[in-house]
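In the two assemblies presented below, chain A is common to both, partnered first by chain B and then by chain C.
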Partner chain A sequence: MELRIENLTKLYGTNPAVNDLSLTMTTGVYGLLGANGAGKTTLMRLICDILAPTSGRISYNGQSIWECGDQYRSILGYLPQDFGYYPDFSALKFLLYMAAIKGLSRGYAKERALELLDRVGLLPVKDRKIKTFSGGMRQRLGIAQAMLNDPRVLVLDEPTAGLDPKERVRFRNLISAFSRDKIVLLSTHIVSDVEYIAGEILVMRKGKLLHQGRPDEIIHTIDGKVWECRVSDGQAEALIESCNVSNLRADGKETVLRIISGEKPLDTAWAVEPNLEDLYLYYFAEQA
Partner chain B sequence: MRKREREMWKDVGKILLQNIPPDTEREERKKETLARLGRDVRNMDYRDVPSFPKLVLTQLSYFSHRMWLVQVCVPVFLFLLDYQSGYLHKAAYTICLVPGLALPFFRELYRVYSHNMWEMEAACRYNLPRLLLFRLCILSGVDLIVLSCSLAVFCRRGGVLWEYALYVLLPFFLTAAFCLLILRHFGNGGEAVGLTAACLMPLGMISLTRFPLPETVSEWIQGAVLAATLASLLLLLRNAYRLCSTQYYEIYRKEPVSWN
Partner chain C sequence: MREMIGFELSKILRKPIAWAALGIMLSMTLLMVYNWVFPGYVVVREEINHQWVEREGIEGIARNKEIAGQYKGSLTVEKVREIIETFLFSKEMMMRQGMDPEAQGSYDHNSLYDMLDDFRKVDGSYNGVLPEEVYGDQAESLHLGYFDNYEKTIYVLLNLFILWGYVIIVVLVPVFSQEYAIGMDALILTGSQGRKRCPRAKVAAAYLVALAGSLILLGSVFLVMLLSHGMEGFDTSVQLGELKMFSHVPYPMTWGQMFGFGCLLWVGGVVILTAMILVVSSLVKNSFSGLVTVLVLYTAPLFVPWQRFPTALHLAGMMMPINQFKAYVFEGFAKFDIGGSQLNVMWLTLPVAILIGVAGIFWSGKAFARHQVR
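For the complex of A and B:
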């Protein structure tokens, strides 16, 4: 199974949202990282056949997705970043409606909808109107609809937004179990989610793919650029103004700062192991 | 066994015949053949393909209860008005029927955008243009029933076809055609324009009805009205076709984008 993107470009007016991007995805979970406006959502919409590219090609198992049309879309699951619902629908009715337009037979749809509602913890409220749901419940319902047709390509745009820590753990387990023999592409600002479940990380900036690799590989690209130092409160304020500080914690009368910098910020600073959050801040400091 | 299943097994048979039998001696060749077989079977389109009417019916739940209520209330109101007063209120047909049909027509088609469901639906097997086609089929069916009933009442009260065309059909077809054009060109960003059109067009026609028609209208004018109505119907059908054959719609970005 292979999803190949070749020289993909999407212009909004003259602004390139996706700029000559090439990428090949095989089975596994891919985490897409990037600041707002990096082109993540546009890339996902292009993969989901919602937008037409200005140039370039996307192929699934060697066949162009635009030629495959509904055959491709029937193996696709998509959760948009910003989605709504029809207010008269209950959770079960919503899933059955989505199943109908995904082309699933009625019998299978009902069985699958109930199974997924159970897996996302919404089975006890399956007959309740969606308008009475909390943000987290709606998000879980959105995740369930994306998985209805047992998709081989699952695209999730900010799936963990609005989920509490317990729900995020449940989501991570769900995706991990689901992703065997499938391509899962997810974007999120919650870096730890990607760190836990993604086998590969894609870093996007200005519509281009900056880095692609396993989390540990990518993190090592900023080795020697993450520092910690213990300073007084006054010094801490000055350093926050002048440096890219990823974390600070009070320790007695002093403050321990975690600084991302190409050079040693202070003589007393010591190098530490970078993590994915540091990597995110290293590349997207100006947008963060 | 169902017809679809029989076809599926026939396809599996064809695939097996096309592939050479696995070489049991050489493990590598055997694995290769089995992998190829597996791939071919996976690529088979074995999904159930419902008939067109069944697909159209899947969209019944899409429509709001309010739409059905309006579609029933408008002709009932007209019928009661005429029946009570014993006089044919031609202007009332324009005032009630045109916005009564055009506003729900646009609102219901636009519902997928106003409830922010368009992106989710566009990525489904039956994507947005096809779903719009199914919805248009239902709306057209309902409108046809309402228009036929009101035409029957109109004629029973002494009205004639060309007048009905002038007061109801022409403004309705033009408004609906314009709404479809808006939907195709503006996608998720055209609600305000479409709703304004759906309101302004009937208002324009209402102001026309304030000028009473002469006692006798020449056949030439009657013919011209019918021809204009037919032309507006063709325009509506053309716009509907173009809406349902457009693969991608304009996306108006709500979120401010910080270009890095």
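For the complex of A and C:
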């Protein structure tokens, strides 16, 4: 199974949202990292064929997704960033509607909808109107609808937005269990979510793919660029102003700062192992 | 497909605004039927053996039908004179009733007498005008009889259909545009049935609501007419009516035929309007801009002086839904020749409605399927 993107470009006017991007995805979970405006959502919409590219090609198992049409959509699951819903529909009715849209038979649709509602913890409230749901519950319903047709390609745009830590753990487990033999592409601002479940990380900036690789590999690209130092409160304020500080922690009368910098920020600073959050801040310091 | 149409129907009908619009429609229907069809405003005033007799409601209807029955048949000058003279009030009686004898023509007598206002002086007496002078060559073919039921029912229906047009707009504009506004377009368009079956189901549900509502409206008003007035008057000439809606139709036509053409125009107008709504709904970004656009497209033709334009454009203007609902706007058109037979211009509605209806189904579905989620 292979989803291949070749020289994909999407221009809004003259502004490229996705710029000559090429990428090949096989089975596994791909975490898409990028600041706001990096082009993540545009890329996902292009993959889902709800936005036409200016140029380039997307193919699934060698066949253009535009030629595959409904056949491609039958193996696709999508959760958009701003997940729409019908406020007066119950959770179950909404899933049954989405199942009809996805071409599932009536009998199987109900069975599958109940199974997924159970998996996302919404079975006890299946008959409640969606308008009474919290943001987290709606997001879980969105995740359930994306998985209704047991998609081979699952595209999730900010799926953990609005979920509390417990729900995020549940989501990560769900995706991990689901992702076998499937392509899962998910974008998030919550770096730890992809750190735990993504087999590969894709870093996007200004419509281009900056890096692609396993989390440990990609983190090593900033080896020697993450530092910690122990400073007084006064020094700490000055460093926060002048450096890219990823964390600060009070330790007695002093403060321990975690700084991302190409050069040693202070003589007393020592190098530390980078993590994915440092990587995010390294590339997206301005936006962050 | 049936399941999907069911979902679309529930989306259309579950909105409070839809219920509010349908509630207004129902209230206006009851009000119009009450005021015009039954009991309506029926007053038959007569002087019988120097006694003043006034009949209303069912009794008034029965008396009107009885009088119409007496004079049923060709419209002749003798009948005109006889009707006017028979039902003329005496001056003494009018004085006793506190009426102005000099303005007798402006008081209600009975449907037949009131209809003949072209043949009366202000004081209510015959003015000597001949039927040929009022109706030209057609006078000889005109058929006198009861007309109250059809005339008032058609009047009520054409007004109610104009209102029904607004209700359809409010109820159906969100069919596609709501999906764009709430972000459901992204989910629908990524489903394997989202680009073909789903728009088809939306269109089917929209037409179902519009047509079922139209048939219920037509059927219920007609039923009230049938129960209160009966079918009588089916063969009375459409030119002979008190409200003068169709007095200038330049060829023989009966009230029964006109009711049939009315049904064609109203249902045809609903089909055209629904197609318009669906196309606009599939093209705009949200329901509000869709609503404003369709309201303008629907209402604007009311303010265009179509009769000043060349015939083709005039006819095109008549095909606008609001003009179709106002069936009497067709009264001035002569029949047109097609393959040697003379056809009423109202028949044009049929091919136009089919054409625009099909184009609306096709175009709105395509526009939705090609919609770009931004």
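To be clear about the criterion, the second predicted complex is superposed on the first by the 288 of 288 C-alpha atoms of A that agree within 3 Å, B and C clash if a C-alpha of one lies under 4 Å from a C-alpha of the other, contacts with A are read in each partner's own complex, and residues count from 1 in each chain.
The rule is short, and it goes like this: a residue touches a chain if its C-beta (ideal position, glycine included) is under 8 Å from a C-beta of that chain, and two chains touch if they have at least 3 such contacts.
Remember, it's a predicted structure, so these values are computed and weren't measured experimentally.
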When chain B and chain C are modelled together on chain A, clash or fit: clash
Touching partner for A:N15 - first (chain B), second (chain C), both, neither: first
Chain C versus chain B, contacts on chain A by residue: B
Chain B versus chain C as contact partner of A:K102, first or second or both or neither: both
Partner chain in contact with A:F83 - chain B first, chain C second, else both or neither: both
Which superposed partner A:N36 touches (first chain B, second chain C, both, neither): first
First, second, both or neither for A:D49, with chain B first and chain C second: both
Touched partner set for A:R73, first chain B, second chain C, both or neither: both
Contacts of A:R205 with chain B and chain C, given as first, second, both or neither: first
Contacts on chain A seen with chain B and repeated with chain C across the two complexes: 45, 48-52, 70-71, 73-74, 76, 78, 80, 82-86, 88, 97-98, 100-103, 145, 149
Footprint of chain B on chain A - complex, ascending: 12, 15, 35-38, 45, 48-52, 61, 70-71, 73-74, 76, 78-80, 82-89, 93, 97-98, 100-105, 142, 145, 149, 155, 205-206, 286-287
Residue ranges of chain A touching chain C (in the complex, touch as defined): 45, 48-52, 69-71, 73-74, 76-78, 80, 82-86, 88, 96-98, 100-103, 106, 145, 149
Contact footprint of chain A on chain B as seen in their complex: 43, 45, 47-50, 58, 61-62, 64-65, 111, 115-117, 119-127, 131, 247-248, 251, 253-255, 257-260
Contacting residues of chain C [partner chain A, same complex]: 3-4, 7, 11, 14, 179, 182-198, 371-374
